[in-house]
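The same chain A turns up in both complexes below, where it pairs with chain B and then with chain C.
Our next item is the complex of A and B:
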């Protein structure tokens, strides 16, 4: 599984959005399931899955699915 | 699938999703609510109608902002009182309260004594006292979880400061799993007997080849793994589990080791059966089941040899076969795992503690029976003493246990958790009669339960069950007779009963007929009985007097 696939699986499971409906513009607070609780859960699961630690700035600036992917992959380099 | 209420002083919302995979979950909005949820019976928690409530308090949050240790202590004691109130407002619910953890944070000089440790000790002690007093309260080992993976892995500063959730995702998953395990443990049927092999199981090496001085059993090195495993197994026996040996060896050699080897922890007296021969192990286990009058499904078999394990598995599919660690250094932990998986019990009764002794007494009774002239002579010579009373609070655990594990002498096989027993007893008109039996060989403890409900002048036997170890002595005749007289004094004139057939309870198929009850009708295999205790006489076999401690 590629990194993007792993991110997609996690995002899809936590936000309860089917994988084939994922698109870059899905955003925090405008999508009903992406609330503050799930945001923290997403951060936590991504950290657990990839063994990384997000800095606070990145946690708060992760506002769209596109940013989730970009910011996460930043830590994987 | 159960209905769970999760209360806390911190945000545990993240637990909801993993738990909802198996159960229905209620977590109050605004986590500071936990105290309110204990106080008012008519609140959302009550409306949710939980089967179980978990109270998981975070220690640091509990004493937040308090610098004075004696103030912190007061805060903890106040919290314990809230716990007590919760338990008393929900007596029919299983309530699990976690032992708390307090992360040492205060900056102190290196050699200072940390106040956190004293506070933890206070919580442990108070919680333990509370649990011993209240039957539906159980301990949830939160601190054990934290200790096992370490605070660094369990807590997350990020989650705490961003979301008021103290725990990492890893911790949340472990916690959810642990909650499910705790619920399962609480309702699982406990196995009764552990059968062990000897060579390469209780000691290293083969006795027949290495000799008594050549087997590995010592306080250090590999021999210590075997010895520590024996220590754990002995603890199982202390917790009311029977032990037996099934080994292919020469009996004299084995007895000599058991009696004289200086490193042996287990002794001949610890075992209720020692089968050392060259027969198949499944034959030995089947014989044990018959002689001890235990169902095969209450057996757990431990043997290092996969061929032996497989042969027992094929011959006796009801026996639980546990696997054996490849790495012998894991054997002591394996015994702990076996204890948790198959022999878990939340509380012990005095009957549990005396199990092994009781089975040994039974062997003596059997010997006497062989020499008696008739069954009636034998029974009279036993000098059986029966005490009948209505269930006392301290008998609750034992009563619940008996309803859950008795299969043969059980009219309706209705199972009751301690909470359900309380509910039954609280219904007006209901009686739970219990009988304690002892004889000249020893005390069998509480062995018979008769649960009766009432509708005007008609009493109904909801269940009649008796421990199989006192079957065949007409004890039930004497007890039913005495109970009928007591019910009559309360205005009952007729008693009804049902026999619900199961694959295991054929021993009581004709019980009510023998007790002079008439069949009123049969539907779907269920026999309904009735007896007019006012007018009908009986031809019961009454061999013993019953000491009645029944009050009006």
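Our next item is the complex of A and C:
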């Protein structure tokens, strides 16, 4: 499984959005499920999955699914 | 928006006034005066707060210089054998209702990642936050439910208090649940007004039954001496050293906020039997007497009866609505006796969560030997 697929699986599971409906324009609060608590959960589970630790600036910058993927991948390079 | 870590030097009077106003908006049943008493206990009288320990984290709108988010930090010491553990508890997490964005998560992350703490506590999470704590690495201590005991002292005040609580709960609910809470709150308010006021009865002596005597403990020294008589296992729990006891049991700040009493029980011949600690605590505009710890060398029916008699009289004298006890980790024998003498009991959700930093304790699973108390932050500090 690629890193992007692992991110997609986690994101889909936490936000309760079917994986085939994921697209880059999904943004914070555009789906009722992506609230501050799910955001906490997302960050925490991404950190566990990839054994990384996001900096605060990146945590608060993740406003779209596209940014979630890009910022996570930044730590994997 | 910016997230800031504040230290003791940042606690100016102007900031504390602003913070009390902000938290009063977030928790409407809790007055600004109450918040200021809390700040004194949490930060100004805390002997474990160094200049480099965060007192809280805030989110501020720098363009308007307005507070929009807060998470308080309570730092205490726990003990594991001879090892001291720095324990940080997050309290009173609130973000203004109109602010919703990833920035609000920053408060939690700055709290949970602070380097000053060996252990992170969360003992009063909302039911929503509670659901995600396990995914954030927290473990619930003491099972899903807590057994609570209650003796109603003043029916009208009790109903009024419940009405306030229901009104408060309705704000955090939606749909039918909110309507039920609102309705119950209104009925409660009406009932509390129309119920006839009972005359204050002359109470019998409540500090002795002829066999046992209850005495208030006035300082940490005499309490420390009696604590040595209680058996200690290989546990992780709140440190009951002199510095901690002077602060959490006997400081003017704890008295101003919680009117905390430490009482010891002796036989008629002066033999030490145990102790109990209780607060006269505000619940909205009403008060309750809350028993926070109860430890007996040998649980006996007569001692429990005397403690309850004492608590009822003290509660009545203080104008309390009820005596309440929801002991964390009670001695099963004490629990059985409380159950025998208190008819009103109910199970509530246990909300005590702990997270140990990696490698703080390596020789044992720290969660398996953790002993929670109702005196721990933040439940014992608010």
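Following the convention adopted for this analysis, the second predicted complex is superposed on the first by the 77 of 77 C-alpha atoms of A that agree within 3 Å, B and C clash if a C-alpha of one lies under 4 Å from a C-alpha of the other, contacts with A are read in each partner's own complex, and residues count from 1 in each chain.
Everything below uses one rule, namely that a residue touches a chain if its C-beta (ideal position, glycine included) is under 8 Å from a C-beta of that chain, and two chains touch if they have at least 3 such contacts.
This structure is a prediction, so every number in the text was calculated from the model and none was measured.
For the composite obtained by overlaying on chain A, chain B and chain C cannot both be accommodated without a clash.
Looking at the shared chain after the overlay, A:33 reaches neither chain B nor chain C.
In the superposed model, C is the one of chain B and chain C that contacts more residues of chain A.
By the touch criterion stated above, A:23 is placed in contact with neither chain B nor chain C. In the superposition on chain A, A:41 makes contact with both chain B and chain C.
Using the contact criterion defined above for the overlaid structures, shared-chain residue A:59 touches chain B and also reaches chain C. Mapped onto the common chain A, chain C and chain B collide along 135-143, the only clashing stretch among 135-143, 189-197 or 225-233. Taken together, the two complexes place residues 36-37, 40-41, 43-45, 53, 56, 59 of chain A in contact with chain B and also with chain C. Contact residues on chain B toward chain A in their complex (touch as defined above): 13-14, 17, 156, 158-159, 162-163, 165, 168-170. Interface residues of chain A facing chain C in the complex, by the touch rule stated above, are 28-29, 35-41, 43-45, 53, 56, 59-63. Across the complex, chain B is touched by residues 36-37, 40-41, 43-45, 47-48, 53-54, 56, 59 of chain A. The touching residues of chain C, counted against chain A in their complex, run 3, 95, 100-106, 108-110, 113, 128-129, 131-132, 135-137.
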